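Dropping the structures in below, format is structure tokens.
In what follows, chain A forms one complex with chain B and a second complex with chain C.
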Partner chain A sequence: MKGLRGGTGGFLPLFLLLPAVAFILVMYVYPFALSIIRSFTDEAGSLSLVNYHKAVSLYGRDILFSIQVAVLGTLISTGLSLALAAYIRLSDSRVARLVNSMSRLGIFLPYVVVAQMMRSFLAPHGLLNVLLANMGLVDIDTPLQLFNIRGLTFGFLWKETPFITFIVLSGLQVIDDTYIEAARSVGARTRHVILRILLPMIKPTIAIAVVLTFCTIVSTFTLPYMIVAGNPTTVTVDIAHRVTYFGDYRVASALGVFLYLIVGAMAIYYLRRTVREEVYGY
Partner chain B sequence: MGTKWRRALLEGLLLCLVFFVIFGPISSLLIWSIAIRWYWPHVLPQEIGLAYWKQALGLQRDWAIAAVSIWGAFGTSMLVALVSTALVMTMAIPAGYALARFRVPLKALILLLFLMPKAFPQQPIFVNLLPTFTRWGLAGTVQGVILIHILVCLIFGVWITTSAFKAIPQELEEAARSVGATRWRTFWKVLLPLAAPGLLVSTVFVFITSLTEFTGTFFIGLPFVTTLPMLLYSSSGYNMQFASVIAIVLLIPSLLFMVLIQRVFRPEYMGGIAG
Partner chain C sequence: MPEVKLDGVTKRYGKVTAVDRLDLVVRDGEILTLLGPSGCGKTTTLRCIAGFVVPDEGRIFLGEEEVTRLPPEKRDIGFVFQNYALWPHMTVFQNLAFGLQLRRTPKEEIGKRVREVLSLVRLSGMEDRYPRQLSGGQQQRVALARALVLRPRVLLLDEPLSNLDAKLREEMRFEIRELQRQLGITAIYVTHDQAEALVLSDRIAVLNEGRLVQLGTPEEIYQRPANRFVAGFIGLSSFVEARVASVEADGATLETEDGVRFRVPKGSLAEGQTIVLAIRPEHVEILAAPSEELENVFQAEVLRAAYLGNSIDCRLRLGKWELRTQLPPGKIPSPGEKLWIRLPPEKLILVEA
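Entry: the complex of A and B
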């Protein structure tokens, strides 16, 4: 069929795509380029590294903190998700189904709600400390201080573990039961079925989920802004301070470029893989 | 027998743990929203009541309760979300149709444009739009916030719409074309009705994304445009009760969406992953 399968669409497809593409060019690509240019420009408007110098000397510790949170959050949530997804896939018990539906909750809750939730739950006198203190696990006078890397990581785990579990589980559910039965019939134990058969079959899916989680954690502003008290904090919070307190767009842009660099390799992997699959089908 | 018991015990423990981790923070919100007085280290509040809810919903005005009516912010949020969603879908439906049904020139480059905002942090984008928006008189206005929300939502709109069109087999359109229907008529009478459920998912997803958008509104809208997330943020520091009430209001649409689309939601919607 001419035209429908492509080929002779002529300018029609470009015309159809024009509004969306034009919008992204003006509202995304232009400010993206601007953020890089601005980061290399000094007050007088000439090429300079002064913003990077400032960014590193003032916020070097926070750059490391952002990386630390992202690595920690991604590793733990991936580990938990793989275990949960494999358990849900292999078990047909009521508990597994219940765990599955409960774990979906986090995927759709917006970060601003999660942030408020964590702010009240993890507070020094919040519900978690109240419960722990009443169970005698925490001293009433010295409750857990969680408005730092621990609470932040917990918040990210709460939101991202359901997401990875959902993606990985969708991958696992496509795998035919016969693979599992065949492995079991030659004596493979559950651990081997998961580690040697199921997970290797969906490696690309796992990779995409991990990469997207890493990028999301690095990019998120809401959660650290609302729950991390004082220093060290994430680069996203520093960017907001730089802009709202100092009106300093240049150092903020340099910090933004650091964010681009942190997600760099992962983001490029995701872009290449997704584009290649869509365009060439592999 | 021994392994069976051990398994049941382990599953019970897992269930308790998952339940506590997921519902602990949520119940903290619920309790705070009805707590009038709650002193450390009591497990439950000393005094509960709906005062903060009533005040937030405009049912009462009491100067002793630190909460304002949320209807103003609710109106702003709805206006922004409705207009953004309408404009996003107006752009996303033609774009999704083109990506799903045509051999598009420069397809790789165009896809890259629609994927980049997901891969790279958007905050530097908002920051660098702010001076431009200020020059154009868009900073701190509803129009400016709508533009930002369109930016945040457009890529989701395009992905989900593309995947909704792709899920419909082409044979039906080919049949319509072969008996002489124009491309326009085929799109309108064959493809659009078939893809309607997927397009609805896309529309609702975009709407909720706009309703709960924080970062872009923070940079472009503050201090003049108060959406619900902004109101939540501004009360979050000093007023646990009022902030919890707003958080629950914001949580409701997402929960409804989750329950409604549980079955049709697919992983590629979340990451533009090829289906």
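Entry: the complex of A and C
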């Protein structure tokens, strides 16, 4: 016991931790630090803001586009997820059970598969346009153009809604039925039960789901790369483009720092929320 | 306040019948307790009345209005849950005000009524606290206040004291009784604790396996249990099976298979009938010496005795039967010791075998 507590065998715990710590240092901390240093370095190796200047002037619109897609995708998928999760929690019907099972399918599909599916589904002569044309809602000669923000947001919704639903539903299922029954006994209808009782009770869970989804959307490369044709596109595509076609790691790193800042703000919020939940229980 | 009437209410869960053709009338302004062991259907019955469960058969009335299929939010019923179910994200005030807000009660009126009812349950000044900042007893009072603030037609309480410690539970029994009397509200109380039922109730409905076994005042249920189940469930009883050996003008004689003979009031006994004697511990009298003038005097052997502070719990053997009695504090009898006991005929409870 003495050894484990840091007596004569005090190095053993450190030694056991070494592989994990080394992995984090090499795979995360080093590239992270390197990219930040690179973003502030010009071609001559001097400290400079030239990469940021270039990133903003060339890709400012894409940075805003990335935020726009992330906000839109997060808000809509959160809204849909809350409705779905509340429905599944409160209904005991077969339809609710079916929706529950089906809503989980999307979680297990990787983004590259979703992107490929979306390419054929959203294409000018893809399944969606053909279906709408058959219903008389779209002229197939002038189909809906969906390889843009609309298609991209749709793709994110398809992928992220099941994920948020899953997290939110997990939170809702922990709530004892008596809280719902207590609300109904004082006169609450379903909408009151959802909006005044259930959702406020799982606010921390919802916040965490929102943060994780936002960060996922901001940092996803595959879906925007395969869906969005031309400008504007997301920062992740720009980074790949900058490296692949120009070998320009410095501007790519500056773009990466913008992503760090966006995701970092959300991560700080997430961590503070988690700590508060652990310490104070709400 | 309306009376509550259950007419042939049945609820099944798969092959299990939780409530079986239950007929029951809860009178205006009384507190009726549904009492029974776990799984007897008492909570399911309460949930049917509240509207959380829809019965498969039968009808439920609140006064003249049939509410069998009416959703709970339209029944105007107050419900106090076993786990209190206070919404943790709301303060005490918000917990109480929620129902009033849904009814679009003016703000001033909400404030007034919340303060009134908090004072009734002795929680004035606790409005801004969250449930987690309250003790179990205080949470229980808030739950009661939340049900009462809406001035419901009927108050339903589902084992509301079971999460409290023994001392607080005892105090709260009287408080709930007092409040119910003060407000004159019709109340239905579910418990498996017979002491709670005896203290609280105007009448007790004893349930077993989904059926109503006996309905009566606490005294009736305790002193004249309808059958062996009730006699065993309410209070302590020792049971002796016997056959009616003879019926005379002034009483009857029962004889057990091992030859112990008891004199009992005649009642409607018939010769040859098999009957069960339920003997309460407090009805076993200890005699200093045998008496030939008294009936039902026996010599019994002490099996074991346990000191309980204010009494001694003593198990005796009479023939092949085991009797339980409570002796006043003093010398604890040793196993094997012989005691003279008397079982007064008028105190013996006869129930069907």
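Just so it is clear, the second predicted complex is superposed on the first by the 256 of 282 C-alpha atoms of A that agree within 3 Å, B and C clash if a C-alpha of one lies under 4 Å from a C-alpha of the other, contacts with A are read in each partner's own complex, and residues count from 1 in each chain.
As a convention for this text, a residue touches a chain if its C-beta (ideal position, glycine included) is under 8 Å from a C-beta of that chain, and two chains touch if they have at least 3 such contacts.
In this text the structure is predicted, and so the values were computed from the model without any measurement.
Novice: Quick check on the superposition: with chain A as the shared anchor, is it clash or fit for chain B versus chain C?
Specialist: Fit: chain B and chain C sit side by side once superposed on chain A.
Novice: If we overlay the two complexes on their shared chain A, which of chain B and chain C does A:102 touch? Say first, second, both or neither.
Specialist: first
Novice: Which partner does A:226 reach: the first (chain B), the second (chain C), both, or neither?
Specialist: In the superposition, A:226 contacts chain B only.
Novice: Quick one: is A:179 in contact with chain B, with chain C, with both, or with neither? Answer first, second, both or neither.
Specialist: A:179: touches chain C, not chain B.
Novice: Quick one: is A:12 in contact with chain B, with chain C, with both, or with neither? Answer first, second, both or neither.
Specialist: first
Novice: Take the Cα centre of chain A as the vertex and report the angle out to the centres of chain B and chain C, nearest 10 degrees.
Specialist: Angle at the centre of chain A: 90 degrees.
Novice: Just to be sure I read the superposition right, which of the two partners does A:265 touch: chain B = first, chain C = second, or both, or neither?
Specialist: Neither partner.
Novice: If you tally the residues of chain A touched by each partner, is the higher count for chain B or for chain C?
Specialist: B
Novice: Does the superposition put A:197 against chain B (first), chain C (second), both, or neither?
Specialist: The answer is second: A:197 touches chain C but not chain B.
Novice: With the two structures laid over each other on chain A, which partner does A:187 touch: chain B (first), chain C (second), both, or neither?
Specialist: The answer is second: A:187 touches chain C but not chain B.
Novice: First (chain B), second (chain C), both or neither: which does A:49 touch?
Specialist: neither
Novice: Chain B to chain C: minimum CA distance in the overlay, Å?
Specialist: The answer for the closest chain B-chain C C-alpha pair is 11 Å.
Novice: If you lay the two complexes on top of each other, which residues of chain A touch chain B in one and chain C in the other?
Specialist: 281
Novice: Once bound in the complex, which stretches of chain C touch chain A?
Specialist: By the definition above, chain C touches chain A via 50-52, 71-75, 77-79, 81-83, 85-89, 98-99, 102-103, 132, 146-147, 150.
Novice: Which bits of chain A are touching chain C when the two form their complex?
Specialist: Interface residues on the chain A side: 176, 178-179, 181-189, 192, 196-197, 200-201, 203, 281-282.
Novice: Please give the residue numbers of chain A that touch chain B in the complex, ascending.
Specialist: Those residues of chain A that touch chain B are 1, 3-7, 9, 12-14, 16-17, 19-21, 23-25, 27-29, 31-32, 34-35, 38, 87, 93, 95-96, 98-99, 102-121, 125-131, 133-134, 140, 158, 163, 166-167, 170-171, 205, 208-209, 212, 215, 218-219, 221-222, 226, 236, 239-240, 243, 249, 252-253, 255-257, 259-260, 263, 266-268, 270-271, 274-275, 277-279, 281.
Novice: Can you list the chain B residues touching chain A in their complex?
Specialist: Chain B residues touching chain A: 11-12, 14-15, 18-19, 21-29, 31-32, 40-43, 90-92, 94-95, 97-99, 101-105, 107-108, 110-132, 147, 150-151, 154-155, 158, 170, 173-174, 177-178, 183, 208, 212, 214-215, 218-219, 229, 232-233, 236, 240, 243-244, 246-247, 250-251, 254-255, 257-258, 262, 266-267, 270-274.
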